[in-house]
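After this come two complexes, each holding chain A, first together with chain B and then together with chain C.
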Partner chain A sequence: MSLMKNQANPWLTSNLLVLGLGMLPALLLIGVLLYFTAWAFAFSFTDLALVGRKSVEWSWVGLQNFERLFTRRGFLESLWTTVIFVFFSAIVGQSVLGFLLAALLRGTQSTIKTVVEVCIMLGWLLPDIVAAFLWSATTSQTGLINSLIIVPLGFPPVNFINDYALPVVTIANIWKGTAWSYLLFSAALDSVSREVVEAAKVDGATAFQRIWLVMLPIIRPHIATNMLFITIWTFTYFPLIFAMTGGGPGTQTQTLAVFLYNQSFSRGNLGFGSAISVAMLVIVGLLSLVYLRMLREPK
Partner chain B sequence: MEANPAHSRLTAIALAFMALIWVSPFSWLFLNAFDPAATGRLAIPQSVGLDNFAQAISGNAGRQFLNSMLIAAGTATLSVVVGIAAAYPLSRLKIPGRNAFLWTLVLLRMLPSAGVLVPLYFAAQRGGLLNQFGVIIALTILNLPFTLLLLKNFFDTVPIELEEAAYVEGASLFQIVTRIVLPMSRAGIAVVWFFSFTGAWNEFLLPLIFSRVEAGFPMSVGLYAAFGQQGSVQYGFLAAYSIIYAAPAVGVYFLLRRNMNTGFAGVGVKG
Partner chain C sequence: MADVTLRGIRKSYGSLEVVHGVDLDIKSGEFVVFVGPSGCGKSTLLRMIAGLEPISGGEISIGGRVVNDVPSPQRGISMVFQSYALYPHMSVYDNMAFGLKLAKTPKAEVDQRVREAARILQIEDYLERMPKALSGGQRQRVAIGRAIVRNPKVFLFDEPLSNLDASLRAQTRVEIAKLHDTLDATMIYVTHDQVEAMTLADRIVVLNAGKIEQVGSPLELYRNPVNTFVAGFIASQRMNFLPVVVEGGQLRLVDGKALPLAHPQLAKAVTLGVRPEHLQLASPETAHFSGTLSVIEQFGEYALAYVELASGELMTVKLDGAPDLQLHERVHIGLPADGVHLFDAEGRALR
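Then we have the complex of A and B:
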């Protein structure tokens, strides 16, 4: 028995029943979560609806929902919007900015470090809906950007949220999420030994070379971890965009999460909505595999 | 990088400028919140008052604050209690299939909550749980993989020799857990609780779908419903409401800042 290994810990082996009972609620809830995931897959093959006759008398429709993903307008456009949003706000914006800040502030214990940390953390700690409200107000026709920059320069006020919806939500998400990448890279750079960096300096490496050729390869696992997390989060991120634009104007900012909500709960197509969520799960799963491979590859 | 003072001063100025841009949206928020006659424009208030805040803690707005507190504290406490009860055996016993279970948790943690939204809604509707209690249970279910993994990691760092010593002295399992394991992982448990609390406090999508009446909204849905309304937008009220809504998460973070940064790093690097 594998339990033999626990012979040395009699307070555990004599209380196996109690410990087992303690695990029960968690196992039950995890089981429910697994069950729901399986359910989402099953729903995606039905025409289940939120209200009306089909909310009770639903039927199996085979792969029809998945065919609709590719034949009707909506899914592919949303997928493209999501890719653009993830690429510019998470990978380019949060990751690069977070890394630059971490590299610049590395090893310093100055006031400026505290100030920058507190400032970017404020964005991160703010509830999503408050951030959405703040950015709607900041970019509105009477908001901060118009009244401080555009109008004093003699231009007519710009309705940013309407005319540049995707860039505005992208910037709002960079503003909100950079702190995470910064903290992770900051911790990673602290683990790079000072001697290695000093040695490179003695050998005549410039600041840029020290970052690009010495530090980056060492913290590669952290970069992969960071990419994994922020890509998945941003890919499925819902509240900020939904509260700022609702996916509009038109479908300009309709990412997959917003598309899923609109189809499932505004239109009431729960079956089709489940197909969208299955597609999202598959995409997230594939992305995770790619990043986990990156994580495991030798330096 | 410290070698060149001119270069580092330039960097400092650039960083300070960036920090200024980063916090500038807040200027608008505070100007409007403390101006009883706020119009949503960026302007110095004619008079300063707390009328907006008084409005934002009375009536439905006040009830929404309590709803948020209930949901966030309920979710955090429930996930931590359920998590501790399972994480300790997981950390100490060599249960067959433990690794497979832990990997399942890692995968479930990456699962986007949007993926199980439809079944969650359906189950809650059938079970009559389209209310705050349902939100607490749903959020706990979604939060548990994360809580469990993190608590197990914290328990792993408690040296088992201490427990052996306590057992030799005649301590029971309950005493060992409550007197040694929990106090020694206090900081970790606090971080997990705080994470779960802010996560549930911020949560928007689930309560949006689960709450049917305005009195049952948490603050996230309340704020969304208020600024989504077309027509006369009460900017002063919304700004004050936002500040009250944002205050607990921001406040607790800065109280526990030192612990938190370590915790964040741990969350990320341990995967």
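Then we have the complex of A and C:
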């Protein structure tokens, strides 16, 4: 350690001003992050509005905004929608589908693999707004599914995006995000030694048992990491849903991110919006703790 | 315990054939070693017996039953892998019990068999440990233990010692030999190390480029190799090969020196083979070869002298003890009365 110190430039270590200057960009960045967090936290106790009198003459309202989270309709409803959206699109959809694809295509070099990879990568690479337009166009009353499948089969057309809004955005998000899970699980499965899997085969494990009892436990840390990432991302995911449905019809697809946007910028309640974002921060933080516990090595 | 029969076994990947029709009978309780250079198909052959690799042609029987289409676990085999292939998320105990639990063996029996195997391999003290807390040698024992508990008819070993350091390798080799004696099971062992092959095998199968070159006991292979490949592969020091010509019923070295050798098929000889340990120093008058000492390696108990002949050939001579020879000294070598091998133009031994 002392050797390292001696190797550092003495001009640098002795000059506090230079040191301070060197740290400045990092300090600025951290400062800005803290500033916005602190801003949101502070204004969650105010009645600040986007426009009008209260945008200037705001006042402290104590815990009133947080009370409103639980007493008024909206927040709890949106939280429930978000939970359903996260659970089905990220945890069940992206994760399970990504894992199944990675497991099935593992070690194969077929054309099918290339086709599947290109398809799911396309979903990932397309900008959210373009993807939203594609999905709207595909699932609307006059969309692709209706004109190619439903109507030719002699059924009346179904307005999927209106009648099944939450399932449609959920499926769209699965399509959009599976690539990440697929890539992560592919890399994780590649790290499982081929001989270990063969040993399980010789030991009499069926294909399902090899995955469930051998491969999954070995890549458990990767699964937890993936869950952590996609849960946080999906929990706060905004553009795809907003562009597809705007939270509607009614409030059917109003996840917390959309609710936050609507409250803050459509209704102009910045104070209440801040309270929503603080609540989201707390929820995501708690979820992360759960996953971080999963990451720990078993005793 | 069961015998294993291979009939015309072939393996191809697409149009590339890597095993070209192997026939072999392995008797019950025998310790057979597949040996050969890397890429000779020995591991592929073992994996086909294990059921990890589909068979492209031919028939494999274990205990009289054709197992071509029998899945691995039902073949009555256990396999020890080169990387040990322990389940990293299970304790030593669970690693060994895994196969039995899958087969729905009663708990008491699982426990009894795991503890018995642990006792044989002296790993009772770390049954509760995780594999990553074990040394290489200990992991190897656990891998063998996992093979033992399943009570297989045939044990398959795929280069099990190649990840161990030299001293541990020698020690484990002895333990595997003892284990074979204790369990009295059929064992098939793949290695590229001819020392392991010589010391462990009842019979060695020498493979080269997907074909069997020779099958026989270690000493048979050492004494009567059927061709230059086997002659060069078996034994710690590679056999010396010298080109020879036959003139007027006399065997001569390329530089014209006549060698006093009689052989019924002398006329066909083109290569002379002699093992380093069969050569000896001789006086200038009785010597068959003379050359300069270009390198000498002293091992204490023996020395390897590399002698460059006038024709440019380098001969290895193994000398007992610590001979007092100087570099670049003129050295005279005599051929033994027997222990000289002659090979024809195709490399086949002349008998």
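Quick note on the criterion: the second predicted complex is superposed on the first by the 274 of 299 C-alpha atoms of A that agree within 3 Å, B and C clash if a C-alpha of one lies under 4 Å from a C-alpha of the other, contacts with A are read in each partner's own complex, and residues count from 1 in each chain.
The rule is short, and it goes like this: a contact is a pair of C-beta atoms (placed from the backbone, for glycine too) under 8 Å apart; a residue touches a chain by one contact, two chains touch by 3 or more.
Given the structure is predicted, the values throughout are model-derived calculations rather than measurements.
If you put the two complexes together on chain A, you find that chain B and chain C both fit without a clash. Chain A is touched at more residues by one of its partners, and among chain B and chain C that partner is B.
By the document's definition of touching, neither partner reaches A:164: not chain B, not chain C.
In the superposed pair of complexes, A:87 makes contact with neither chain B nor chain C. In the superposition on chain A, A:203 makes contact with chain C only, while chain B stays out of contact range. In the superposition on chain A, contact of A:43 is made with chain B only, not with chain C.
In the superposition on chain A, contact is made by A:19 with chain B only, not with chain C.
Applying the stated contact rule after C-alpha superposition, one finds that A:220 touches chain C and leaves chain B untouched. The gap separating chain B from chain C in the superposed three-chain model is 6 Å, by closest C-alpha atoms.
Applying the stated touch rule to the two superposed structures, the chain B and chain C interfaces on chain A have no residue in common.
Interface residues of chain A, counted against chain B in their complex, comprise 2-3, 5-6, 8-12, 14-16, 18-20, 22-23, 25-27, 29-30, 32-34, 36-37, 39-40, 43, 101, 104-108, 110, 112, 115-116, 118-123, 125-130, 132-138, 140, 142-144, 147-148, 175, 180, 183-184, 186-188, 207, 222, 225-226, 229, 232, 235-236, 238-239, 242-243, 257, 260-261, 264-265, 270, 273-274, 277-278, 280-281, 284, 288. For chain A in complex with chain C, the residues that touch the partner chain are 193, 195-196, 198-205, 209, 213-214, 217-218, 220, 298. By the touch rule above, chain B contacts chain A in their complex via residues 1-2, 11-12, 15-16, 18-19, 22-29, 39-42, 82-83, 85-86, 88-90, 92-96, 104-105, 108, 110-123, 140-142, 144-145, 148, 160, 163-164, 167, 171-173, 176, 198, 201-202, 204-205, 209, 219-220, 223-224, 227-228, 235, 238, 242, 245-246, 249-250, 253-254, 261, 264-265, 268-269, 271.
Considering their complex, residues 50-52, 72-73, 77-79, 81-83, 85-89, 98-99, 102-103, 146, 150 of chain C touch chain A.
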